[in-house]
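Next come two complexes, and both contain subunit A; in the first it sits with subunit B, in the second with subunit C.
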Partner chain A sequence: MSLLSHPARVALIAGSVGLALVAGGCGSSEPTSTAGGDGGTSAECAPYAEYGKHEGKKVSIYSPIRDVEADLFQQTWAPFEKCTGMKINYEGTGEFEAQIQVRADGGNPPDIAFFPQPGLLERFAKAGKLKPASAKVKELADKNWSADWTKYSTIDDVFYGAPLGASVKSFVWYSPSMFKERGWAIPKTWDELMTLSETIAAGGVKPWCAGIESGDATGWPATDWIEDVLLREIGPEGYDEWVGHKLAFNDPKVVAAVDKVGAILKNDKFVNGGYGPVKSIASTAFQEGGVPITAGKCALHRQASFYANFWPEGTKVAEDGDVFAFYLPGNDPAKKPVLGAGEFVAAFADRPEVQAVQAYLATADYANARMKLGTYVSANKGVDIANAQNPIDKLSIEMLQDPNTVFRFDGSDLMPAAVGAGTFWKGMTDWINGKDTKTVLDFIENSWPKS
Partner chain B sequence: MTTVSSTVTVTQSGARGAAQRVRQSLTSRTAGIVAIVIALLWTTPTFGLFLSSLRPEDQIKTTGWWTFFADPQLTLENYRQVLFSTSSSSGQMASFLINSIVITIPSVLFPLAFAAFAAYALAWVPFRGRNLIYIGIFALQVVPLQMALVPLLSFFSEGVSVFGTQIMPAWELEGASRFAQVWFAHTCFALPLGVFLLHNFMSELPGELIEAARVDGATHGVIFRRLILPLVAPALAAFGIFQFLWVWNDLLVGLIFAGGTAETAPMTVRLAQMAGTKGNEWQRLTAGAFVSVIVPLIVFLSMQRYFVRGLLAGSVKG
Partner chain C sequence: MNLDFDFAAEQPKLVQLLLGIVAFCAVVALLLLLLDRAPMRQRARLHAAILLAPALILLAIGLVVPAVRTTMLSFMSGDGAAWVGLDNYIWMFTQPEAVTVLRNTLIWLALVPILVTSVGLLYAVVVDRTRFESIAKSLVFLPMAISFVGAGIIWKFVYAYRPEESDQIGLLNQIVVALGGTPQQWLLEPPLNTLFLIVVMVWIQAGFATVVLSAAIKGIPAEIIEAAKLDGASPVQMFFRVTLPSIRSAVVVVLVTQSIGTLKLFDIVRTMTGGQFDTSVIANEMYNQAFRYGETGKGAALAVFLFVLVTPIVVYQIRQRREAVR
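Up next, the complex of A and B:
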């Protein structure tokens, strides 16, 4: 009763109504403050002269990368901003995939987006939302990246943007000290890997540990496993066919590859070191999947290079340290296909300042500057390996720069989202939980969008 | 006749007796104990979260909060990171807290004001078709707000055009003025429920009161201000609290209309970003959750008597 008895409170409400009318009626924008770029000294800015002056211009970047990595991005391009006079508004989000769609549909897209999924980029390109990259960006990308990379952002012969960062997924993490102590050698072929697993298991340690729990993306680490082995079994061309659904998901060749993974992941003798039986894989967070290695309860863990960030505080990641990684071997040691992932810099606008940012991000200068600041891997051929901040980055870059390396992108990021970010994840989780290979692959095959 | 009335009284007293028994059994000692047990059970997760927020990172990540009792280790490091870290994508909760307040207060006051006016007009100003309008507003509650996100966003960024003719220009807001978009969106989404609640409450008021006021020469404005507003204050407070909690905890609308930068984004957006790109910094979430829960807690505790009273608004007479 007493809450609103006083006339002053009525005035408050009346006032707020007035405010509402003002806010709703005239939505004019405030005068924008000019970005603080007064040039800087000419020597400092010489490398950026080619990008021109864009005094007071703003470029917005939308990306799934956040936290420390995002800070390092911003530090890297700070001199570029200062010298060109533009302001880059960086926004990292955990809901990139859903939000970018809403923003683009709502007519409010960012200028530039870092797409971690070429499949998503392709969808926007086909919808006509993306602007083709400038000739300069294309030239830089062709110079700095192999065709294995640039083909992922080339849709219907139009090039949309250069790659940015990269991560290598074909790694098996192990403990160098443990291997040395027990006299185990790093396997060079798949058969050696299986023999090693037998040896370790015979010694009373479960050789493998894994975790595929990842909230609503549960299952993705298992899909990486399958892709990695499939890439070795049916070769890069076969892999491309499978990704493009020219090879059915339940094809006998795929079944064979999945069963090959099953010989490890669904073998109670081999998993799940430090956690329990096979089914514990499904309930173990992927961040925790390899941690038992540091406690000597598990010997091997297949996970991407970025897993270096997940080891407990104080773990030394190096060839002579507590943990390190080796290349997941295939049947033929001469062939080294690499499964990986990365981001692509695509633009929704073609203003000159936006194209300048795209061009700058495609240079080797950018990649080197970024690497000097902290852990970073790029497939950019101009990257100087001496700038790598840690041994695992170094190993990754060596693998990516090796001209004999055949690179393939993580397949689930290329497939239609209904499969690549849906039934494939779910199917693999069911598979770990006991469903047989054929049933699971039939289920995924049937879920592939028609038309 | 006598038999009939006596059975009626019997059933009535029987019903009264049942109510009595229910009341008695609810005030007994066992009921009290059960209530305490339930309260404890319900508070345990919150308590665990709170304890977690004070534990060091490696402890949070390796053991459950209950191990605290065996191995007590406390730190304010999580809160320091969350509140004062200068990284552009983690911490800085303090400035996002301000954003949340700037978003929430107008987003509560606007719908409150509009809904009160609309509810008064629909309840006490006789005009043709007002029932239809009322049913229409009521029906709008069924529309999920997710459906309106894209159209509303394009309304802001492209304006409205019909067959190529621009009817309303784009808002083209940048920087801090994007708050207006969020206020607008929250106001739109809150109005159907607000009008419905307040209308129900207002139409329960005795008509004689309003007639008497009109006989004395009061205009609608005076009736609304002097008579209606004081009488529906509990309902206003209840709806205000509902709206406050909804806006404060909202992630979706904030994310889409305010963006994710420190300039305009509410705290919930920051909370969602805080765990790091690959979710490896989730120890910050516990502390972040507690920072964000403090303000609603204060609001709820200081206004809970209106809350309980207003909960019954429109549902029961008297």
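Up next, the complex of A and C:
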């Protein structure tokens, strides 16, 4: 036990090792220069003067958007950072829904979070964790977005943040060249869509292809299908009631809408072009769901505007190209409700620099600058359609900016997570895998959180 | 992507790190000084107390407090705002989808330890004292080096499905097609899909069982084997009357560790099916409820139940060990 017989010496060694580590650590943490500083030329910075100077201040943003898109965000706000002198620390994550909760509970929330689910935003707002948006942000949001959008971040009459990006989900992808060759016309009503499906099936091609596999989010593309058809069947008001659980999940009206989707997705004659029988939908990755269109093995694929990014390299996305999309028709061609999704910029802090970032992201200037860099859709009314990078973005923005458009947010993002990110996805996967409509809807209805 | 490590931006974290290191050194120094100053007569007991204190404190913070809090949460509503009594437990044992989860865990628990042990034992006996023993053992041990997630991805490809008319990319379906069958969606059909997942676990763990049991077999005294042979024992008799009783404690160790590992199993299910198609197990459902659905109460109830299931196995293992020491 020589160690214990010389404790003073050991203590000394331990202490000096600690000191050495301190010295080493300090040596390597020499401060390096960061963004900001002198603020650039005045002409460049004129548009950002209204946000004030926030020299040396830091704002952290936490978001589910990663990789290329995240880089484009940072490029977009680089001039803003430079001119206001602040630094924006952007962090994208693949586990946003779980991690934001952990960070907020752990007392380490980001300053700003991009919420892709209004339901999640509502949970944080009700828990008193979010700070209401400033008057300026509210003014900008009211000016730039329709009430259809701003209502999703207004909880108990308090406005928490403006929308950011958007995607349109009510699209059916098709091949314009294939349609032209076979003499098919774009359907304007649901009945025409079904007739077209019959025609295509009679020609020996399975008309529809789909894929709902998406890791632990498996099932979401099927829930989009249901929501899109439900929105057309029971109208926007009925849809709101359903989302708010004032209309039961297993109501006969919902059963009818699900069966209407089932007439396509659970019909072995109609699906799954290029992949096999109905059940192959459950195991096909959503990214690959529509790809058989390019090989002529399938003709129609219902998926959001962002599917433009998943076509094989070299596929031309345009009205006269290899693939394009048309609006998923309803029973009445005069009514065109649009199902979509997007993010909301809500803040956990109300420091002036945080509010300045929120205000900047709510402007049309930001949206336009972002669009110039690459594919991007925003429902911001101030967006210049000429900045759209591709035809599908253009079509999406036209639909979103049309004053007659009735917009509704993806319902599974609005429901409590136990349903919207849980039993609804799981239930629809089971439904595709063979369970009948009533059993599945009863299961989802029973899982709705009490209280 | 910007991967440069910005020291200035990370400074607060670095300072925290340094503070931690300094604090650690200070605590160690303090402990040693205390040990030195302790009165001579009571040294043994004081030494034990001083040296155990940090471990006990850390254990309390890291294990006891969370366990108590989890137990409390399991009697509360999803957001932890109100007491709901036994509701979460009632949900667990009555809702069909939750019952499916419990049933699956039982299937796993019933099959995995037995399969792993028997495959490992059989393999160990067969390759014992053959020329290629070391190579054979390395081969079966290799999967142990692969993480559960990695193995899950590999086997997802083995089970991959492509329609009949196109080329198969999954090994299993390719074999089926070569034998004249039609490709199947292996992971979509309950309850068979659970068995296909169990195969993955057995594939990973069999190597561990082989190595442990093979070492035990080599430890059997040569005299006993010789005596049995002289008495004219057949190979089968040798195995059941001599080998198996001699390595009983090693078999128990394998069974127990496999049982605990199986109860906690999460990665394979999450990677391969995400708990869809009636394949979810307790640990996977616990994660879903607590972290994805925001239903902390239900998640905590599942965690408590998992703990209750593991406890008897751990107690049994400790008893066994005590007996072995005696």
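In this text, the second predicted complex is superposed on the first by the 415 of 451 C-alpha atoms of A that agree within 3 Å, B and C clash if a C-alpha of one lies under 4 Å from a C-alpha of the other, contacts with A are read in each partner's own complex, and residues count from 1 in each chain.
What we mean here is this: a residue touches a chain if its C-beta (ideal position, glycine included) is under 8 Å from a C-beta of that chain, and two chains touch if they have at least 3 such contacts.
Note that the structure is predicted; figures quoted are calculated from it, not measured.
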Going by the contact rule set out at the top, does A:N89 touch subunit B (first), subunit C (second), both, or neither? both
Kindly classify A:F306 by the partners it touches after superposition: subunit B alone (first), subunit C alone (second), both, or neither? first
Subunit B versus subunit C as contact partner of A:R103, first or second or both or neither: first
For A:A127, using the defined touch cut-off, is the partner it touches subunit B, subunit C, both, or neither? Pick first, second, both or neither. second
Give one of first, second, both or neither to describe whether A:S280 is in contact with subunit B, with subunit C, with both, or with none. second
After the superposition on A, what does A:P403 contact: first (subunit B), second (subunit C), both or neither? neither
Touching A:I65 in the superposition: subunit B (first), subunit C (second), both, neither? first
Going by the contact rule set out at the top, does A:G183 touch subunit B (first), subunit C (second), both, or neither? neither
Do any residues of subunit A touch both subunit B and subunit C, and if so, which are they? 4, 7, 10, 14, 17, 29-30, 32, 67, 71, 89, 102, 215
Subunit C partner, complex, touching residues on subunit A are 4, 7-8, 10-11, 14-15, 17-18, 21-22, 25-26, 28-34, 67, 71, 87, 89, 97-98, 101-102, 123, 127, 215-216, 218-219, 274-276, 279-280, 282-283, 416-418, 421-423, 426, 429-430, 433, 443, 446-447, 449, 451
Taking the touch rule as given, give the residues of subunit C at its contact with subunit A in the complex, in rising order. 1, 6-11, 14, 17-18, 21-22, 24-26, 28-30, 32-33, 35-36, 77-79, 82, 95-97, 161-164, 185, 187-188, 270, 274-277, 288-289, 291-295
Give the list of subunit B residues in touch with subunit A in this complex. 57-58, 61-62, 87-90, 106, 109-110, 112-114, 116-117, 149-154, 156-158, 171-177, 180, 183-184, 187, 225, 229-231, 233-234, 236-237, 255-256, 259-261, 272-281, 306
For a test of understanding, state which residues of subunit A touch subunit B in their complex under the given definition. 1-5, 7, 10, 12-14, 16-17, 19-20, 23-24, 27, 29-30, 32, 64-71, 74, 89-95, 99, 102-103, 105-108, 214-215, 287, 306, 309-310, 312-313
